[in-house]
Each structure stands twice: as structure tokens, then as C-alpha cells.
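Structure first, commentary second.
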Amino acid sequence: MNKFTPATNKFAPAKPAGARSVDEITGSRRLRRMRKADWSRRLVQENQLSVNDLIWPIFVVEGRQVREPIAAMPGVYRLSVDLAVKEAERAAKLGIPALATFPNVELSLRDETGSHILDPENVINRATRAIKDAVPEIGIITDAALDPFTSHGHDGILRDGIIVNDESVEQVTAAAVIQAAAGADIIAPSDMMDGRIGAIRDALDTNGFQDVAIMSYATKFSSAFYGPYREAVGTAGLLKGDKKTYYIDHANSD
Amino acid sequence: MNKFTPATNKFAPAKPAGARSVDEITGSRRLRRMRKADWSRRLVQENQLSVNDLIWPIFVVEGRQVREPIAAMPGVYRLSVDLAVKEAERAAKLGIPALATFPNVELSLRDETGSHILDPENVINRATRAIKDAVPEIGIITDAALDPFTSHGHDGILRDGIIVNDESVEQVTAAAVIQAAAGADIIAPSDMMDGRIGAIRDALDTNGFQDVAIMSYATKFSSAFYGPYREAVGTAGLLKGDKKTYYIDHANSD
Amino acid sequence: MNKFTPATNKFAPAKPAGARSVDEITGSRRLRRMRKADWSRRLVQENQLSVNDLIWPIFVVEGRQVREPIAAMPGVYRLSVDLAVKEAERAAKLGIPALATFPNVELSLRDETGSHILDPENVINRATRAIKDAVPEIGIITDAALDPFTSHGHDGILRDGIIVNDESVEQVTAAAVIQAAAGADIIAPSDMMDGRIGAIRDALDTNGFQDVAIMSYATKFSSAFYGPYREAVGTAGLLKGDKKTYYIDHANSD
Amino acid sequence: MNKFTPATNKFAPAKPAGARSVDEITGSRRLRRMRKADWSRRLVQENQLSVNDLIWPIFVVEGRQVREPIAAMPGVYRLSVDLAVKEAERAAKLGIPALATFPNVELSLRDETGSHILDPENVINRATRAIKDAVPEIGIITDAALDPFTSHGHDGILRDGIIVNDESVEQVTAAAVIQAAAGADIIAPSDMMDGRIGAIRDALDTNGFQDVAIMSYATKFSSAFYGPYREAVGTAGLLKGDKKTYYIDHANSD
Amino acid sequence: MNKFTPATNKFAPAKPAGARSVDEITGSRRLRRMRKADWSRRLVQENQLSVNDLIWPIFVVEGRQVREPIAAMPGVYRLSVDLAVKEAERAAKLGIPALATFPNVELSLRDETGSHILDPENVINRATRAIKDAVPEIGIITDAALDPFTSHGHDGILRDGIIVNDESVEQVTAAAVIQAAAGADIIAPSDMMDGRIGAIRDALDTNGFQDVAIMSYATKFSSAFYGPYREAVGTAGLLKGDKKTYYIDHANSD
Amino acid sequence: MNKFTPATNKFAPAKPAGARSVDEITGSRRLRRMRKADWSRRLVQENQLSVNDLIWPIFVVEGRQVREPIAAMPGVYRLSVDLAVKEAERAAKLGIPALATFPNVELSLRDETGSHILDPENVINRATRAIKDAVPEIGIITDAALDPFTSHGHDGILRDGIIVNDESVEQVTAAAVIQAAAGADIIAPSDMMDGRIGAIRDALDTNGFQDVAIMSYATKFSSAFYGPYREAVGTAGLLKGDKKTYYIDHANSD
Amino acid sequence: MNKFTPATNKFAPAKPAGARSVDEITGSRRLRRMRKADWSRRLVQENQLSVNDLIWPIFVVEGRQVREPIAAMPGVYRLSVDLAVKEAERAAKLGIPALATFPNVELSLRDETGSHILDPENVINRATRAIKDAVPEIGIITDAALDPFTSHGHDGILRDGIIVNDESVEQVTAAAVIQAAAGADIIAPSDMMDGRIGAIRDALDTNGFQDVAIMSYATKFSSAFYGPYREAVGTAGLLKGDKKTYYIDHANSD
Amino acid sequence: MNKFTPATNKFAPAKPAGARSVDEITGSRRLRRMRKADWSRRLVQENQLSVNDLIWPIFVVEGRQVREPIAAMPGVYRLSVDLAVKEAERAAKLGIPALATFPNVELSLRDETGSHILDPENVINRATRAIKDAVPEIGIITDAALDPFTSHGHDGILRDGIIVNDESVEQVTAAAVIQAAAGADIIAPSDMMDGRIGAIRDALDTNGFQDVAIMSYATKFSSAFYGPYREAVGTAGLLKGDKKTYYIDHANSD
């Protein structure tokens, strides 16, 4: 019957008396029907991933013509602003709607409070201006995050070994306004301080950036998946202790 | 007020007339409270991943004392049966409840119909017997899949370039009974033929393996995530055309 | 304040004492933000209509090089098989996954029982074969409906002024098998007889057409929207009385 | 058996061994039972469309005894106020609960800000007064929309090629109060500015029109269905670029 | 302020410092707006009771020109068949889709098993034939219930003081077929025996009454609301003990 | 088999070939099992109506030892305060948790604004004090409704034939405070004015009646069920026009 | 302010500037209102536990006038049949709808297969007959469980240290029929064998006990709450190993 | 067949004609499969109770080295602060995340208003300080409840036999701040006064305890389960009347 059953089939499973055929088992519901051809798969598929669903992340560093490989993310590079602009042009040509930029700040510019994030001339704000100038039709998402700017690699302001909530919110809020002034379309805070979204919204509206949006990161757990990102932004070596969001001795990183 | 605001803060965001404090923004709902200490995080966490939630995959090859690295999965090896038993002992000691075994079959044993899967002495069935003997307290999940046994790398029987449904189901069903006879606790078919679950259940029950369970793979899309698995079981180079589940010219692979 | 308010504004609405600004009314939830630019609309849009979501209807008539306009559907034509094939080629080139064909049968071929639907050489079955031959990569949906074939324009077999359920189901079922034999990929019955889906499935499976699918029309109410279709298939003038699905005196039309 | 099967039935579908009858297929659930007669259809129908569910749209133009056909909507006319009143009387006699009026404004009265909408003597407000006077028992819905009044055909105030939100809201709000003063029962803004509903409610309440309702249009996508409406109100030729709701260069129409 | 507050208002409630106005309390959500006029009530009402939602109950007795008042239901009468036909004509003229008939059987015709229900010439079956003859366009619902036919007034067959389930189902099923043969469109069993619906369906289908429907009574609790019905069908004086559905000594009466 | 089938059974229903028994039809799910005995009915019943679920309505009139029958509600009487106290004592003895009182006010005390409702010595307030004094353990619900006090029988203050919302709310609110002062435990406003619940809550709290509850009537449609109540409180003859809630000419009653 | 604040209050909490009162905090929603008095608690309480919700468990032993205390359940006793009848009479007098009986079998009567459960004269069946005889109006629930009858205390038949499923089901099914024959109204199997409910239903129906119900125990986890029950039925000392439901070495107890 | 069926099986249940096997009854769904072994139970179990889910209650009394047994809770003791610290150390070593402390206050320190709860040196506050000092890594939950401190045993301030809501809230709020100052991490009020949660949150925030959490007790019914707790905290003998939450004469006791 089954002409494919080879001679090496040393084991013949007992056929039950009322053994059912595939048609009996499935009641003629053969779900492979609509998967059989390209046209029928296209006709019935419910989701279609397109270029409109993509955001292009760019890691930015100081310098010119810099293109540093990131070991943990093969094929991904840290780029200087001039090359980041080329990348943005490539993304626009592909129809990708938006970029998300992340800085890798020189260690000498990092301090306790991440104050360099407030410098309108820092690498992220310069990248925003250069990209907006060259590729106005692409959206720019900036990471309003302190961790690439702090000497301890945590995403907030530390006092007595504790990440203090309200001062961290003030610092992130000020950074958000500066990034919006540089041309950012969407501000993406990555800390988890209480009240940051409302504070950023208030500050953006008052400073005339009502059209700048805020993009919330999803809840972040203490996950090993953040390792490559830490290498990319250069905080991997700075963090001490474990990575949990806490108050005492250690602070919450990303 | 904010003694942390550094001198380098060159930009002072305008404070709105009715600027709200974090307490006003959050209505005193400070969600970080319960994340502040180790004890409170432990008290409120809803999910706790334990060793009981893990299954240990083992890739098995012929030979003795063989330990081949798998390039696409750093730190994972193909093991000969003797080393697979050691791995199983290690898993049992760690409290891991079950193993899932996958073969990398010699090319000379692969044919059009994957007939070697029906050999009670193939590497998977020998591994099952050896592990059950040495570590009876661990569960064994075997992959009732044709693709590591076929010369074309597809997970079914090809006829005129089409994966034929009902003959593929018969072949997989026979393999399931043989694997159960070798001692497998859970049969995991990975093809997507119509009616295979019912056919395997019928055959297992009729042959006296009512206590052997069947584990369904979730729906599989045409995803790049299967690449490393293909390298591990040695089908990557065999497949031609794209990987979609279809009837004509190509067949559905895993 | 509002420099746009023109001199012709003869009516100044009283401003309420506590009149609210748009920001106060919306709580800074300005939903137009994400609608402001092309990139942000693309980023947030949830649905994207593509060519894969379309089915191309073709009305077929006897003859060669025939292209009759349909008054009720400007820009739509009844085509002879040779032109229908051109249309199918055009559709395939555009990436449209499937066609749906509908006949306009000569009046002399229509009779009480719509028997011409069972003729393997009728215009629909010839169109199916011709299109499959020329454009194998496109799917074909055929209307397993009696109304274009009956002299009374109803979608079933009439006896004593009643559409008889079970005989109508037999007729439609036979037509479905003939259409599948001609190469149809999807059978679309449009009558509303009880039990027709199960009967067609049984017949297709038994005759070896397990891969031919059945497409159910949604529930049809007595709607004026069917008028243009009736003109296209040439039943508009045949129907008597109102169009409701009933038993006595009149029969259910489409 | 089937006495209707004609001689031309050249194809006899194979009857499966255990071929099921319609009763077996449906388990005696013959859903046509309750559709068989007029009385049973009336007894079981869940929805009944009545005159109370209808709103009668009237397109109004200047002049007397004017009755201009609208090409895109065969059978629909633009009417001068005197004929609109006749139409309202006809509607009332039929029991239709409410009218919705839309103007077709002379091009010479259209300007950048749509200021003519604020004229209590414009054609819409005169129509409202005339209809209320003649047919007080019918409700009147007025379209608080700028597009029939602007020279660019967009539904808001343009500045530097952008539809400015807050000034547009002010203009629409003023128009709403004027329309309510003329006797409108329901104000139907059709723009999509942020905060317009709250602003109109505030203004109506403060000016003593607490009983005047607001009817929200459903979310409007960029749809070809709005074409006929554009012809009816005379904005079709004015709009440039595409019709999407956006900020830059083009403005949102309808 | 409130010019309606009369002099007799001897009690002046303290006004709170921040006493809120109705507008503040409701946030301008004045729900009475749409209830204010006839046209707006018609426009927004969700349900509309029509003649199509009604079923006309008729109590039938032997005789000619009999019209007996039912004390517990003022304005309702028991009618002889000739008058019941008149009533049916009146109902049809009003557009009422269906009648439900209930008999009041002479005591001499009642017995232990309600055997008179099986007489094709009983008053209910004669009424059905007469009404169908005179008013074919109205639907007829007959009560397939034993209680008006049993000498003990219970809705089943009693044995040793117990209502026996399966014999009662047989009796009701036979009655249903007889009623369908007389022309009933819907059979409405009112007992609560297990399995009666399936048994009636089987019997109707086998006897060629596939188009006759079955209407299930909703679950009946031991309610005082059934009192008037009992008087109408003349079982009120026959029942002993309480009215609960039970097995021993008493039987379930509707 | 069925020994109960009597000789008069002139019609033998055809037994279908595969006629099913009741056990086959029900799959042995005989739901009557748990209804068979008193103990099993008690064990499985889900709802149990007790005296705690009842509220005792009392209609109160002036006078002593008055006991007027209410025609539309046989067995219900209008009672003078002395007898209402006896009724309250009876209710308390039965364990009924609360009374709801409704007045029948002398016509001479009714006026346009229902001002007598504000008299702390009206029959309702005297009844409340008398009952609280005699039966402190029973709760008293008073109807804060104007209709028994107005000369037109509507439940609000009329101006130009319209029930004016805000003045009506003020009047009802004042009445609620007076009723609470008399000892009412629950205030039950029956009008449908916008904002009345918030206004009554504000007033009760400010006047120190924070423990007095408010009981909302369910939405009231224009129903004939209110007829007997209208007779009881003596408004039946006063109302003109239909009973719908509206603004013009007529007012909403109860 | 707070006249209750005593002198010992050494700590004065700072009052915030905008400290809110309880009314402000709750928005006047004072939920204690309806809990204030007995009548209002009774009026609003949703659940009321009555005697109808109770089942009275009785532990039965051999002998006469035996009344053994159960240490783990103070106040509960093992009773001989004569006293169990007295207990049943007491329960019936209190209106308790049903009893659940559990045996404590003499060790000498326990064996490997719990065969004594099949003795129609065992203590449980004698208790059922005696109680039914004396108190026919109370329902009797019997535990169709092997554990009080097996020498190993497990709730099934052991073979090679495994509880065998299908033989255990047969034994429990036979016991159920015997208990029903003795007069039990509800059979309550407490084992967790696959398929036992269907098997018991089949057996009861075939033996004429269609009115005997089956009561499923809820899913039982490995809980310490079963300890007292084990002492009561005398299996506590018999069980070896842990109590989990398993196959090998140990069996699932209750 | 069943070799276990013993000779004592005196009753052979009739096997029904079509008696089904367990496989037929269950359709081969043998749910015991995954319960058969330790590894499979671990693999499929959904819930796992760990030490992180536990809170350790400690009852504290004055004195040193005091260890008083609590009769109603065998194995639980009232401990003096020095021993409570030992208990806390034991809990921490076991990994238990938090303690909940409850005082048993000397009768001489109890008064009408429970004023001793406000003493920063009371036994609870001293315990908090001592435990925090010795075991900083464990969380402390304190019961902000008046009942262990009042001479009447009720959980609020009594005036004229009524528990007054707002003064009770003030007292509990002050106690919460004092407990937080002593080092409590979570405040757990057990009264049911309206508005207490908001009031405690306000007071904690204003006094700088924003990180102190509030834990709400679930709704408490009038349950006998609270008896042992009352003995533990020494209020059992103080309470008079029943335990329901009410206003008059008696007060709500937890």
C-alpha cells in the first residue's frame, strides 16, 4: 500500500482493528490546503511585515569617518555623525520611517550626574541636527537616558548609593527638551523613574514642542538580553553588582 | 533646589507656570516602592523561573567520545551516545526534568523516505535506551521528525516534488512507535502534516504505549530562527529553494 | 490673539469665565501628533491593504474577442474566454492572488434545473482550463451557483413553486466536482440550502479533490446591492416577485 | 432518484461508500425552516430598519427655485432654501426624524479662513431658520465644517501650508454657536482637530445652548468614498496634493 | 435666584462653600438633551416593539359561537373553533405573525394518560385545520402538552405517583406528529422531561415534517405566574399538593 | 412496551429506522435527577428569596385611622400616619429591613412647584418621624419626588410648558435634606433630571447627613406599569398628553 | 480639633499644606453607610448561607452504640450504624438536605484490592439501608472509594507497586452499583482514575439506577488538609512514601 | 480477565450490551500520563509555592525572654522583643521576605482611644527598631490597628457607642507615621473606616515616607476565623455584643 516503506523498516506497528485514516482523523479538515501554493498563502496570510514596521537603530560616536564594530552585535557599527547621516539616507531610501539613535560617550565626558546629556552640542544632538538637515523626511527617536552619560553606568542620579527618583526625572526632562530643540521627533526615556512621562510631557508642551511625541519602553525585567546594548553604549564595564532595579548600593541600569 | 544640577547644564528648560511635581503627576502612586529592596521584589514577583521549567536539548551523533562544536550555537556540541549519557546525568543532578534529543545522521544513511528513522538501532533509539538505563528518573523527548533522515532535508516523503501528506504521516507514526519502544516518554512530531497527532495517538495506544505523551510543536512560520537548528542536525546544505510549507517542487522543512 | 479671525466675523461668542484652552481640554493628548508626517503615519498605521488582499472578478461569455460593457458597473465588462485569459495574465502580473469567475449564459442554454452547469464544456469550465493553462500561478474561484443557468433565475431547483433543498444540493454538488475537475482551486457555492457545504466536501474528497477548498459566502440578506450582479449574469429580468429566500411561489435568488 | 438530473449531465460524481444525506450532514438542523414563510421571517428577524433610523441630507445653494443635479450622486440635487423647506416638509411627512444640511458656497465667498461660516446670514443659517419656521417638528443637524467655506478646500485654517489646530478649533467653535443661534439642534463638526468637542461644548453651554447636542463623525480614513461629497459641496477642484490628514504643505480635507 | 422657591419653604439647606452647579456636577453631560423632543427620542431609541414581535394566544373550547370569559385574565376568552378562526383573521389583518393555541378540554375526555391529545379530531387539531384553511398566511404554534388532557392536571404520565419520563416523552412525541399533520407550523412542548426535544425532532423528520419547527419554553420555576394559565386550560382544580417538579406523589405541572 | 398507550391512540407515528431512545438522545444526561426530591432541589438551588430581599411600600394620607383601598392594587391601602406606624411595626416583626413611603397629598396642597414637599410637617415627614420613633430598627426610604405635590402631576417644575432642569434639581435637593432631617435613611429621587444625584449628595453631606444613602431608580421607560402607582399617589387624573419624558408642553412624569 | 488625641501623643505628624479631609479623599463615597445598621446590612448582603447549603459527613464503624472521638477533628465521632441513624434524624430535623458517609473499616477486612467494598453487607451499605429506612427524606452520598478498604491505604488497585487504572475503575464501578442498590442517592468517587465517571454512569444506567447522581470531587492537590480525613477513615498509618498521585512504588491516595 | 477481582465479590454488575472500555470513554485522553512520574509532574505543574510567598507573623509582648503560648494557635507564641529579634533572624535565614508584627498590649495601657498606639516607645515600635537593627534585610509590616490598644477591643474611636469614622482615621494615620518613623516598611491598617488609605498615603508622603508602602487587608466579613487572632492580641474578652461592623452600641472589631 505504502510503496515508500523501505526494506529497512524492521518494525511493523500493530494496526488497530478500527484504525482510522487521515480523513477520518481530521474529518476532512485538511488545513494544508490553503498553504499549498504561493497565491493561496498570500491570500490567507493575516500579517505582512513591511518596511513601515521597522525602526533603524544607529549608535553614534565622536569623530569623522569612524566605523567601529560592536563585538556583541556582528554587522552593527558605532558611527561618527557624518557616517550616521549616510546611514540615515540609506534608511530613507529604503522607506524606513524612523531612526533611533544611541550615543557612545567618551569616558572623560561621563560624570556622576550624566551632565553631558544637557549639552546641546553633544554627539546625539549634533547627529539629530545633521540628519534632519540631510534627510528631513525620516523621523528621529532619541534615547533620553542618562546611562551612557554617567560614570557609574546607571540610568539615574546616585546619592548615597541610591538612584534618587525626582532629581533623575528633572535631569531626564531637561535632556528631553534639549533633544526636541535639536529636532528629535520622538523622545524615548528608558529609565523607570516614577512620574517621568508626565514631567516630560509638561516640559515639552511648555517649551513649544507639542508635536514631539514620547515613546515608552515596555516594562524591563532584569534580563541578560541587555548585554549587547551595554557593550554598544559602553556601560558594560562600569556597572557593579547585579542589574536589578533597586535603591540601595546599586542603581537601576537601563 | 536640585543640588545635583551641574555647571555644565547649559540649558534651563522653562518651568511652566503650573509645573507639577512628581507627586502631583503620579498622584503619589510611586511604583518603585516595591522594587526598592530584594525582599520586596521577592515578595511581589509573580513569576519565578526554576529548573523545573527547563528542557535540555542534546544533539546526538555516532561514535564514542565524540564532542563536535556547532558553529551556529556557541557552547553547544553534538555528542556521541556515551557522552550524551554523561550529559543526561548532569541534567538529572541539576534537577532538570527532561531531555530532548535530536540526531545528526551520517549522510550515507539518509535516503528519499528517511527510512533510517525506523531502525530501532539508530542513534536516537540507542541514546534513549542508554540514557533510560543510566538515568531512569529523567524524561526523554524524542523528535519524531523525518528531516534529519531524508537526503533532501525535508520533513516528509517527497513524490513528484510534493510532500505527500498521508504517507508522511504513516512514516512518522511508525517512527513514534519505535521511539516509544526504545523508552521515549514524550513523542514530539515536528512536521505539519494534517492528521498526524491522531494517527500517532492511535498507534501508541494500540501498541501498548498509553502512557507515552505527545508534545505538539507550536505553529511554525517561515522563520530565520531555524537556521542554527538546521546546522545542528545537518540539513542546512540539503534544502533547496525557500523554506515555506508548500507542495510543489519543495517540501516543508521543519 | 487669533490673527486669522477675519473682519467678517460678525459674531463674537461669549468667552466663558473659566474658558479652557485646547491643552486643558485635551490634557495635552494631541492625537494629531502621529498623523503629522508621512513617516509617522506609516509607522503607526495598523492596517495596510495590499494586492494580496484582492480577488479579481471576471464575467465570462461565449464567443471570441467579446467585450460587453455592464451598464450597472461602469468600467466592468463581460469577456469571452480568450480575453478572460488576457485579464488573468494582467492580474497575475499585478500579483493578485486569485480570480473569481461568473458566467453569463445564453438564454437558450438555461432551463428549469440549470442543467447546463453540469456540462464540462460550459463557458466557466472552459475558462478555468484556459486560464490554468496560461497562468498556472493564479488561483481560480468558481461560483457553484445555479442562478445563471436556470430559466427562472433562482439559485435552486423549483418544484411546485418551491426551491427544493435536497435536490438543489445534489445539483450544486455535482457542479462543484465538475468545476474542480476543470481545475478550479476554490469552489464558492452561493445558494443558502441546508447542508450544502458538507455535501460538497464529501463529494470533492471522494473524487480525489482533497486540496480543492470551499469558500463560504457570508450570510446574504434581501439587499438591493445584488442588483448590478444580477445584470452582469443576466438574471435580472428573469426573477419574479420579491427577492426574499422563501419556499412558496418564489424561490431564493442569490 | 433525482428526477431533475437531466440527460445533459455527462458527469456522474462518484458516490462515496458511506455517502451522507443532507439530514445526516446537518444533524436535522435545517436552518431554512424559519426562513420559509413571510410570517416566520417576520417573527425571527432581529433587526428592522424604520424611518426613525434615517437622516435626510440636504445640499443647499443660494437662489430661489434652484435645483442643481449632482453628477456623482444621481437623483440628489443642490437646492435653494425655498426648495430645501419643501424637502424638509416632505421628510417630516414621511416621519424622518432629522435633516443634515451641507452648503455649496459661491466661490467668491470662500477665503483663506472660511470666514463666511461665521455669517449668521449665510445659506446654511438661513436654511436652518426657514426650515425650523416651517417644520418645527423635525431636527436639524448642521455641519460645523470649514471646508465648504475655504478657498483651498481644507477643513481648517492654513498657515505656512499647515492646518493650525487651535485657531481652527476657535473658528469651528464660533461657527457652532452661530448655527445653534439659528436653530440647529445638533452640531456636527467634521474636522479632526484635537480638542474641538470640548471647546464646542464649552461655548454652547456658555451661550445658553445646553440643549444643543454634538454629533461626532466617526474616524475618517483617507478614503475614495468622500469623492461624491466633495463634488456636492464644491471642494473637489480646490484640493491639491493627496487627501491625508497632515500638517505640512497640505491640510486635512473633509 | 430660584424664583420658584415658594414662601412655604420653611427650611433653607446650608449651601456648601464650594457648592457645585448642575453643570459642574454633570460635566455638561446633560443626558436629557436627546430625550427632549419626539424626533430626537425616535432618532436615538434602540428598541422598537412592532407587531412582528407579538404572538397571539388563543384558548379553544368545543362548541359553536362559544365565548367564555376567563376570570383570571380580564378581556381574554375561551373560544370555539368558529370564533377562533375569526380571531385568527383579526390577528392576520393586524400583521401578527403567529398564533399559539391552548385547549380547554371537557373533563369527560381527560384521563390518566391524556390520551385525547392523540385524537386527530380533538379541538386543537380541528382549530389548526380550520385556521390554516381560512388564514394560511399566519403561523400556528400548538402546545404539545399533556396537562390539559390528563385527569390529574400534570404534564406527564403518572405511575405509582411518579411522572415517568420516557413514556411521557413517547406520548408527547406522538402528539407532536399529529399536530404537525393537522397543519401546525411550530410545536411547543411545555413539559420538562429529559430528551423530549430530540425525540420530537426525530419523529417529525421521519414523518416528513422537516419544515415544522420546535419552540422550547424557557426554564420554568415554581411560580405563581402560572395560576391564570391553569384557570384558562381548566387544570387549576385538578392539581394536588404543591406545584414543584418532582417525582413522588405529585407530578410536575407546567 | 408502553402500557399506557390507550386504545384511543388512532395515530401511530412511524418509528424511524434508527429511532433513538431517550438515553441515546440525552447521552444519559438526565437533568431531572436533581429535581426529583425536596432535599435535592434544596441542595442545588442557587437562589433563595428571603425576607431580607423585600422592601415594604406604604402609601400615606392625612387623617387618623384612615384606610383607603387602592382600586388598581387589590389588597393595598392608603394609610394615615397612625396606621402606617402599625404597618411598620408589622413589617419589623416580620424582619423586613426597610419601608418605602409614598404620599397621597390633598389636592388643595398641590401647586405649580410642589412646594408642600418642603414642609417639614407634611404627611411624609410626619410619617417618617412617627415610624422612626416607634420602630427605630427599620429603615425608611422616602421618595424625593415632586409629582405627588404638583398640581400638574409632573415630576418637576414647569415653566412655559417645559420641565426646567436646574430649578427642579434645587427643589428636589431641598426636599431630600428635609426628609433626612425628619429621619429618612435612604433618599430615593424618582425624577430624571440631569445632575440630581450629585446635588443631593452635596446637600446631604453639607447638612451633616453623610450617613443618609441615595437610592437610584432604574431607568424608566414610558411604560404602562406605572399606571397603578399613579392612581395610588393621585396623579393619574392630573397628567395631560402622553407620558414620555420631554420638554415641551408636557413634562416627564415619574 | 481632634478632641480624642490624648496627651500621650508625643508625635505630631506634619499636616500637608493642602491636606485633604476624608470627604475629599473619598469623594463622599462613604461605603460604611450601608453597613451601619442591621437592617441595611441585611438589605444589601448578597450571599446568605442557609441550612440548604450544608452536607453532614458521618464516619461509620461496626458495632452498636459506638461513639469514638477522632483526635484530628475535635467534636467529630465515628459512629456505629444505630447512632448514625440518630445523627441522620437530627440532620433531617435541622433541614440539612443530605449526608455523606465514610467508613472506618476493621483492618482485618482490608486487603490488597479493597474487596470488602463489594460486600452488600459492609458497614456503609448497612448504614445506607438503615438511614433510608428511618429518614427517607434525607439524601445519602456514599464515597465510592477504595482507600478505606485497602491494606495499603491507596485509592486503587496496586500491581507491581503501580496503581493500575482500568482495574481500579472496574472495582469502583462495581462498588457504585452496590451502593446504589443499597439506596444511595449520590455516588461520590474520590479516586482520580481516567474514565471513572463515564464508567460509573454506564453501569448505573444499565442496572436501572438512572436517577442516582454522581458527584465529582474537585481536583485534589497533594495537600496537608487531607490528614484529618486519613485519621478518620484509618488510613493514616498505612500509607508509605509521599502522597502524590503517581504510578511507581506508591499510589495516589484519596 | 480482571485477575484482581476477589472471591468476595458477591455482586456482579450487569455489563451493558454496548459497554464501553476506558479508552472509549476517555477518547484516549488519559490525563494521568503527565502525573505518572516526578519529572513529568515537575514539568507540567503551573504553581510552585516558595519561601518568597510567605509572610511570618510575630505576636509581641513586653518583657525579656518571654515566650507565652497562644492556646488557640498551637505552636505559636507571644514573644518579647529580644526573642522576636531571634525569630526575625531565623526568618531571614530561611529567606522569608517579610514579617508582620502584632502587639499584645498590657490592659493598663489600653484606653478609650487606644492612645498608646501613638507612643513611639510602645512594644511594636521598639520591636520594629530592634529587628531593623539586627536584620536590615527583612521587610517589616506593622498593623496600624487600634483594637489591641483600646479598652473596648474595637478597631476605632467610640463616641456614644458609635465608632466615629473621621477621628478614627486621624488616629490610625498618626499611628502609621509613627510606625514608619520606627522603620516599618509596610503599613497595614485593619480597620474599615472610609478614606483611611488616602489619608495614610497623604500623611506618609508629607512626612517623607514616600517609600513606605500600604497593604490593604481584603474585605473582612463577620467570620469565626478571627477568633484565634483575638485571643493572640488579647481582645477576645473585651468585645461585647456581636462582631458585625456597625455604628450603634457596638463597634466594628476587625
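The first chain written gets the first letter, and so on, giving A, B, C, D, E, F, G and H; residue counts start at 1 in each chain.
Please note the rule applied: a contact is a pair of C-beta atoms (placed from the backbone, for glycine too) under 8 Å apart; a residue touches a chain by one contact, two chains touch by 3 or more.
Keep in mind that this is a model prediction, so the values were computed, not measured.
J.: If you walk from chain to touching chain, how few steps can bring you from chain D to chain F?
T.: Contact-graph shortest path, chain D to chain F, evaluates to 2.
J.: Of the pairs G-H and F-G, which shows more C-beta pairs in contact?
T.: Most C-beta pairs in contact, of the two: G-H.
J.: Comparing residue numbers, which of F-G, G-H or E-F shares more than half of the contact pairs of D-E?
T.: Comparing each option in F-G, G-H or E-F with D-E, the repeat is F-G.
J.: Using only Cα atoms to place each chain's centre, name the chain farthest from chain D.
T.: It is G whose centre lies farthest from that of chain D.
J.: Just give me the whole-number Å value for how far the CA centre of chain D lies from that of chain G.
T.: A distance of 66 Å separates the two centres.
J.: Please compute the C-alpha centroid of chain A, do the same for chain C, then give the distance between them in whole Å.
T.: From the centre of chain A to the centre of chain C is 44 Å.
J.: Could you please state the distance in Å, as a whole number, between where the Cα atoms of chain D are centred and where those of chain H are centred?
T.: From the centre of chain D to the centre of chain H is 62 Å.
J.: Among the residues of chain E, which are close enough to touch at least two other chains?
T.: 23, 30, 32, 36-38, 202, 205, 211, 247 - these are the residues of chain E that touch more than one other chain.
J.: If every chain is a node and each touching pair gets an edge, what shape is that graph: line, ring, star, complete or other?
T.: If you draw each chain as a dot and join those that touch, you get a single closed ring.
J.: Applying the stated contact rule, could you write out the chains in ring order, opening with chain A and then chain C?
T.: A, C, D, E, F, G, H, B
J.: With touch defined as at the start, can you tell me which chain G residues reach chain F in the complex?
T.: Going by the criterion above, the answer is residues 23, 28, 30, 32-34, 36-40, 42-43, 45, 48, 50, 52, 55, 95, 97-98, 137-139, 185, 201-202, 205, 210-213.
J.: Touching chain E in the complex: which residues of chain F?
T.: The touching residues are 2, 4-16, 19-23, 25-26, 29-32, 35-38, 41, 111-113, 115-116, 118-120, 157, 159, 165-167, 169-171, 173-174, 177-178, 181, 192-195, 198-199, 202-203, 205-207, 244-248, 252.
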